[in-house]
Structure formats: structure tokens, C-alpha cells
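The same chain A turns up in both complexes below, where it pairs with chain B and then with chain C.
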Partner chain A sequence: MTIAIMPVQLASIWIAVGAVHLQEVRGAVTWVPLPGAPAHLPGVVPWRGRAIAVLDLGGLLGVAPPVRVTEPRPRTLIAQVEDTTFAIPADTVREVHTVVAIEESHAAQVRHAYGQVVIGGQVMPVIDLAHALAALVRPQADPR
Partner chain B sequence: MPMELLVIERGDVRLGVPAARVAGISDLSVAECDARLQQRLGQPPAAAGERCFGLRVQVPDGESLVTVAGRVSISAVREDEITPLPAIFAGIALVTAVVFAADAPVLVLDVDAMVAHARAER
Partner chain C sequence: MTVPRTPLLRILPAIGAVDALFSALLAYTFAAMMGLEGSSRGVAFGVYAVMWVVKVSVWMAIVAVRMQPLSEWVAQAQPPTDAATLGEVTATVYRAPFMVCAAYSFALLIFYITYAVVLYVGFSDSVPLGPSSLTASVLAGVGITLGAVDLSFPLCEWLLAPFVERVSLTAQEHNVPARGGGMSYRARLVAFALTLALAPTFYLSSITYMNDARTEQRELVLRAELVAAHAAFGQDVGERLRGGSLFSYDAVGNVTDSEVADLLADRPELRRRFETAVRRLPSGTVEHPREGVIAFRTDGERKTGAIVPRAPSVSFGTTLVIILFLLIVSLWGPLSALFIANSTAVSVVRIADALAHVGEGEVASAPKVAVFHQDEVGSLARNYNIMIDQLRLLAQRTNEVSKGALDVEFDILRGDLGDAFRGQVTSLREMVSHIAHSASQLAGAASEMYAAAQEQEAAAQQQSAGVEEVARTMESLLVAATHVTESTMGVLTRAERTRETTSRTSERITELSAHANRIAEILDVIRDIADRSDLLALNASLEGTRAGEAGRGFALVAGEMRKLAERVTGSVSDIKKLVSDVRASVSATVLATEESSTLAAGTTESARQINLVTQQQRSGTEQAGQSMRDVATMITQSLAATRQVRSLAEDLKVQAENLNAVVARFRLPARQPGADG
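Here is the complex of A and B:
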């Protein structure tokens, strides 16, 4: 059994997310800030005729400065977890890689990570997007 | 089918209220202007010299006054351009929908939540 993942760069840190969640990769997207919204869900963008939330994954993981509406990131991942679709501003993405296993190691100490992969010599924590989203919707969820 | 939105523009933020829910608009002095709605939305209090308005908003038990600061205009928007917020924002903000526009998006307010907020602040 293999696992498909996509490497994503947030500021200077590389992470990996399960390709199963990915819907689309777009360029820089200008988002609309929502006053009173949670810090890591700061706004919305239009996508396929509807509004989807912006997920500041770098800020949520504590690996990148908060996203700013005046400084759009060069790439935007559109991802879906169950019925929720969201846009993740990112700096770089690479093509989807297939790995045979996700290793347990220190990289998993990054919040919401459940293991690591090594791609091109780069160690990347693998982020559980469902867990990250659950923590935003239900902040009392156990930190991982 | 177009829908009229009362647009309150202040700085780079544009708030929209369905015009059908607004029974009237009156000029207010800055001394009368208690723009707490906008303060809750992250904007500063009304400044000296700023235009202030009282919106008489229709609610099930009559009318309620909501005061706002800024420039008020009416804009016709196609209903399919009014995009509801995703469910993940339910109950978080007073905003229920967005009109996406490259130059100036409009945040459409939940009128009933807005009135409830205005009454609670009195």
C-alpha cells in the first residue's frame, strides 16, 4: 500500500499533506478578510461559485507568520476535509509523491503532524488536515 | 434578479444590509453616533467630522435603530452574486454572505444578529 502526499512550503518550512484532500492548486489568491473570524480562519475566497474559508495553516502550525490580505502567498491549495473546503495560502508546492510509509520521528512534534517523510533529502512532517481543522472548529480537541 | 443592498463604506471596508429591511435613514450628529456595530467589526469609533446615520431596521417586533458611520449608498446586486459564508463561520461573525468584487467586496450583514447586537449594547 502506498500513500500519496504533496510537499508544501510555508515560509521556510516544508510540510506534507495527504493528496487525498487536494482539490486544486492555484496561484496567488486575494482573499476577503472577515472581521471577528478566528485567527487561523481569517477570511474567505470565491471558489466554484461559492465562498470557502482561508486556512492559515502556517500560522496554525506555528511555522510561518500569519497570512496578510495585503501579502498574498504565491500558491493556494484548495483542500477538502469531509464537507469543508478551504484555501491554504502557501509559498511553494511540489508535485505529488507516493511513499510507502510515514515514519514516526521528531518531525511529528510539529502540531497536527502524525509522522514524517523524506523527499529529495528534505524531512517533512506530514500534517493531518482533518485534525487541524477539528482543532479550529472545536478548540478543546487534543493537541497532537 | 437584482437585490438592493444598502452599502456602508468606511475606509476599505464595505458592509451591506438588504435595503428591503431598512425602513428609513436619518442623519445623526457625531455626538449621537454610537457606531458600536462597526467597532465590533474592528473599526474605530466615529471621528469628528465623519458622517453618521441611523438606520431604522425592520424586525419582527417593529423597528430598531442601528447607528453607523461612513458613506451610505444603495447598490443593486444580482442575488447569485451574494455568496453565503461557509458553515464553518456560522455564529462567529455578524456577516452572513459576501459579494466578491475585485476592487471592493461587500460583507453582507445578518440583519437580525446586527439588531440583537445593537439592542444588547444599549
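Here is the complex of A and C:
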């Protein structure tokens, strides 16, 4: 069985997300902060006539500084987990790679990662967006 | 000419020879004049010769005795020069001509008159002389004596001239005054002229007297013959009349005798005078100098005439007398003139020769002259000797003066000449003193002038050297200023060019900056496009993945496109960085260019100001150099003038020293105590 992943760079860390969750890749998007919003969901962005949440994945994973409105990142991933569509600011995005297997041995080193892949000699943890999103919604429900 | 040592040997033979010559001529003349012929002439010649020898012996003895002092003085090798001897000798030698002349002439007069008396008295039988012969002999003797004076006196003076000269010079040398023999030159000439005139006159008178006596004798003969013819009337006594004839004539003078008529036909004037006289007088005589004489007498009816025609030629006796007379006179005249000329000229010739030396300025070599005559010429000689003495003394003193002896006195010189030379020497002393004083002052002034000129020359040389150094420095400054000016001109030119280049560079850089900005803009666009292409490729990759197997290829293409977009973005980033660097460089360059332009402008202005200043400096340096050259020229001229002044001062100093040396040669008299000046 093959899995399609897309390498994403958050600050200096390369991670991989499942291409199945990704709807679109956009450029730098200026997001609107929401007062009182969670730290990793600081605001919203308009996308196809509606507002979607901004997920600070780097901050969430602890691999990049928190996003700031004044410093929009060059790329914005539009992801959808189940019915929830959200935008992930990223620094660099690569094309979709298809991998055969995902190694799981080192997945525990990064939160919400369930395995790792090697693309172009670069080891990347594969992030489980649904898990991460769920963790945001239910922070004590998932021990991972 | 060798002069005999004895004056007698010089005088006696010469005068004796002249006397013998003229005595022979006079003897023949006497015989012819007296009409002596045959044995009477031989007796006369014999008596004449004997008496001539006696005469010569007598006068020579007298001369020898009277000239004994001179002969003895001359005969000595070292003649005595004492005053007494020299006085006697000078008296003898000056009186000798008079004595010789007097002795000779007197002896000749006595001889001639005595000779006539002896013949008249002692030899009247053999030598018949008429009573007029004594008178004629006395006249002839006087004439001969006068002629002898003219011969003997000058001849004796001439012959004695060497002795007179010797004695005179010796006497002058020993300051012995001359004595005796005084006769003025005018008296001498008058005497000569008188004797020259009287001697032939007397002699001619004697001849004439003797001719008259002989004519009278012939008339006596003719009268006797006429008386005898009258006694023997009609008798032709023509032969006895020595060419005359007796003739008869009528009342108108017609001559009956044909021969006498022929004689009268050849003598028309005598005939005309005869016919005229016959018509007026009964008796008479008519004569014509060339045609003859006619004496006519009337005794009653008898008219008798006697004609003596003039002989066609003079008789031989008369001709001989005339020839002898002419011969004597022709010998005596020139000889007398020669002797007179020589006797009087010898003194003048000596003086003239001596004066020739004086005329040539050779006073020292001018000889003294002897006083040959105690007359005006002798006085001239004495005065000449005095003049020579004075001139020699003057030359000697003048020579001493010329050698610097100004203390020489000219007191010995007399007259104006002495006064003139004394005044000249006095003036010369004053002048030399003044010159010495002036020369001393001149030498001092020349020394000071020379020293001052030397100092001035040294200062001028130092000044000249300094000025030359300054001139060289000014020349160097001028060259440096010229170089600086040229350099500043180059700097100015290059600064202006730099400013222009900088300006153009600034413009180019501005253009480059604009281009860079444009490139940056284009790069932004490209980056935006690449970014969009990257997004499209990513979305395409997502879409290809979503399409499953069918979209695998599409996903691969999308991946390649994204990589391409990424590479474009990276390249754009690199380019933008480069452009940014370029723009930064351009900005820095612009700033640098602006600064450079500002500096170039400042440099240009500074170079312009430097150029202006250096040109002014060069002009000033040129003016200063010209001024220094002018100063150097003036100093050089001043130095040359100073050198000339020094040279002149040196010459002046030398001249002053020479003048001092010249003045030092003069010996001034010792200054009188208390003398002024």
C-alpha cells in the first residue's frame, strides 16, 4: 500500500502531511486574528467564500515560533479533516511524494507524528493532522 | 797735405818761386819797355840776375831772423807753453805776414830802382837809357811793389795758416793772449783793393811814360830829320823819315809829288784836313789818328810838306811790352786773388766747419778755431771760441741738470742766456719740488684709491656671486614654477576631465541604477510568476494525487514544474540579491561618484587656483629673475668699472711711483735755514 505525502517546512524543520487532507496550497495569506482564540488557532482566513481557522502547526508541534499576523508565511496549506477545513501557514511546500511504507520507529520524537519518511535524504516525521486537530479540540482526550 | 815742420821751408821756397817767375817776366818787360836789344839786353839781364840773387838773399835772411822764435818753437817736440814763450811766438806768427810782405816788397822796390840806377849810371855805354827811364823805373817799381804786397801777404798768411792755428790753439789752451799783427778786416780789404788797383796802374803808367819818352825821342829824331831836310830842300829824305815823305804843294793844297798824292788818295780825311789848313795857315800840322801826320811849312814862295803815314801795325817792341804786361797781370791777378781768398777764407772756413757742429747740436765735438787774423774775423773766431766755451759749460751744466742735479749753479754763465738758464733751473727746482709733493700725494691717493677699488671689487664680486646665486635660484624657481604651472595645468585638465568623466559616470550609474530597479521589478514579477507557478504545481500535484493512478503522470509533471518554479524562484532570489548588490554598489558608486565629482570639482577649482597662483608666481619669478639679471648686469658693469678703476688706480700708483723715482733723481739744493716753502 502506498501513501501520498507532501513535505512541508516549518521554520527549519521538515515534516510530512498526508496529501489526502490537503485541499489546496496557496501563497501567503493574511489571516485575521480572533481575540480569545486558542494559541494554535489564532485566527481565520477567507477561503472559497467562507472563513476557516488558521492552525499554527509549527507552534503546535513545537518546531517553529508562533505565527504572527504581521509576518505571513509564504505558503498556506488548506487542509480538511473530516468536516473541518483549516489553513496551516508554512514556509516551504514540496510536491506530493508517494511512499510505500512509513517507518514508525522514531515517530514519538515529534508530537502528532505517527511515523517518518525519507525524501531526498531528508528524514521527515509524518504528522497526523486529524490527531493534531483532535488534540486541539480535546486536549486531554488523547494521551499522544 | 804734409805740413813742413819749419815755417821757413814752407814760406821761402813758395814765395821765392813766385818771385823768380815774376822777376823773369819783369826783366823781359823792362828790356822791351826800355827798347834794349842785342848786347845791351844781355848786360841788363846779367845785372838783373845778380841783383835778384842779392835781393832774395837779403829778404830771406831778414825773414829767417824775424821768424826765428816761431821756427824754434815749432821745431821742438814738446813746444814750451809758458806765457812768455807763447806770447813771443804768437806775436811772431801774427806779425809774420806783415814782416814777410814788408821785407819782400821793400827789397823788391829797392832792387828795381837800384837796378835802373845801376844801368843808367854804371852801364850807360852798353845800356843806353834815357832820362825818362829812371822815372819810368820808379813808377814800375812802385807798381811792382804794390803787386808784390798783394801776392806776398796773402800767400804768407795762407802758408803760415797751419802754424798760426797750432800756435793760436795752444795759446788759447793756456789762456795766453794773442799779440801783434793787428789789422782790421776792412783795412785789409781796402789795402788789397787799393794795391790791386794801384799796382797795374803804376806799372801801366810806367809803360805809358816810357812810351811817351820813346815817342818824344822819335819826334826829336823826326824834327832833326825835318830840319836836315829843310836844309837840303828838295831832297827826298823819305827813307830816313821811316816811311815818311817830303813833298811840295800849292796854295790850295795840291800835291805835286805823285807818290805822296797816292798816299793822300788813300787818306782822304788827312788830305781834307791838310787842304783846309793850307788855305788858312802858312805853316802847321794836321793829323789823323788812323791816317797819319802832315807837317807843312811856308818859306816865302816855297811850300814844303812832310807826311808820315800811320803804320799799318803796332811795332814789335810795343806789342811785346803789351803781351808781357798782360801776361804779368793775368798771372798776378788770379794768383793774388787766390792767395787773398785763401788767406781770408781759412779762418772763415774753420769757423763755418765748427759752426756746422754747433748747428747739428754737437757742441762737445765742435772744435775750437784758431785766430788766424787779429781782425774782425779773428774777433769772430775769439767770440766763437768764447761761445763754444759757454755752450760746452752750458751743455755740461744742463747735462748735470738733466741727470737731476738741480743744485748746479749757472753763475759762470753771463748775459741773458745765463739769466734764462738760471731762471729755468729755479723754475725747475720749484716745479720738481711741487711735483715731488704732488707725486707723494698722488701716490698716497692712488694707494687709497687702489685699496678702495680692491675692496669695492671684492665686495662687488661677492655681490655678483650672490646675485648670480640668487639668479640661478630664481632660474630654478622659474623652471620649477613653470613645471608647477604645467603640472597644475595638467592637473587642472585632468581634474576637469575627471569631473566630466565622473559626471558621465554618475549619469551612467544613474542609468544603471534605473536599469537595476527595472530588473528588480522584473524579477519581482518573475518571482511572483514563479511563486504562482510553484503554487500551481503544488496544487496540480495534489490534483494528480487525488486522481489516483491516472493522475500519477500529471503529478510527476507538476512536481517537475514545481522544481522548475523553485529553481526560478531561487534564481530570481539570487538575481535579486545580485541586483540588490548591484544597486547597493550603484548607490555606493553614486555616492562615491558624487563625492568624486565634488572632489574633482574641488580639485579643478584648486588646480585652477594653483594654476593662477603658480602663473602669478612664475610671472613674479620671471620679473624677479629679470630684475636679478638686471642687477647682475649692473653689478657686472659696476665690477668692470671697479676693475677699470682699480687698474687705473694701479697704473696711477705705478705712475706716481715712477714719478717719485723720476723726481728722486733730481738733487735739489740744500734748503736755506728759514727758507719758506
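The rule is simple: the second predicted complex is superposed on the first by the 141 of 144 C-alpha atoms of A that agree within 3 Å, B and C clash if a C-alpha of one lies under 4 Å from a C-alpha of the other, contacts with A are read in each partner's own complex, and residues count from 1 in each chain.
Basically, a residue touches a chain if its C-beta (ideal position, glycine included) is under 8 Å from a C-beta of that chain, and two chains touch if they have at least 3 such contacts.
Here the structure is a predicted model, which means the values were calculated and not measured.
Engineer: Taking the superposition as given, does A:V93 touch the first partner, chain B, the second, chain C, both, or neither?
Structural biologist: So A:V93 only meets chain C here.
Engineer: Let me test your reading of the model: by the given contact rule, A:A39 touches which partner, first (chain B), second (chain C), both or neither?
Structural biologist: Touch partners of A:A39: none, neither chain B nor chain C.
Engineer: Of the two partner chains, chain B (first) and chain C (second), which one does A:A101 touch, if any: first, second, both, or neither?
Structural biologist: After superposing on A, A:A101 lies clear of both chain B and chain C.
Engineer: After superposition on the shared chain, which partner residues are touched by A:T84: those of chain B (first), chain C (second), both, or neither?
Structural biologist: first
Engineer: Looking at chain A, does chain C or chain B touch more of its residues?
Structural biologist: B
Engineer: Given the touch rule stated above, what does A:A11 touch, chain B (first), chain C (second), both, or neither?
Structural biologist: Neither partner.
Engineer: Once the two structures are fitted together, what part of chain A is touched by chain B and by chain C alike?
Structural biologist: In chain A, nothing is touched by chain B and also by chain C.
Engineer: Which positions of chain A touch chain B when the two form their complex?
Structural biologist: So the residues of chain A touching chain B come out as 30, 32, 34-38, 41, 44, 46, 49-53, 83-86, 136-137.
Engineer: Taking the touch rule as given, give the residues of chain C at its contact with chain A in the complex, in rising order.
Structural biologist: 531-532, 535, 537-539, 541-542, 544-546, 552, 555, 558-559, 562-563
Engineer: Given the complex with chain A, which residues does chain B contribute to the contact?
Structural biologist: Touch list, chain B to chain A: 13, 40-43, 83-89, 92-95, 97-98, 100, 102, 105, 107.
Engineer: Which part of chain A faces chain C closely enough to touch in the complex?
Structural biologist: Per the stated touch rule, the residues are 4, 6, 19, 22-27, 74-75, 93-96, 98.
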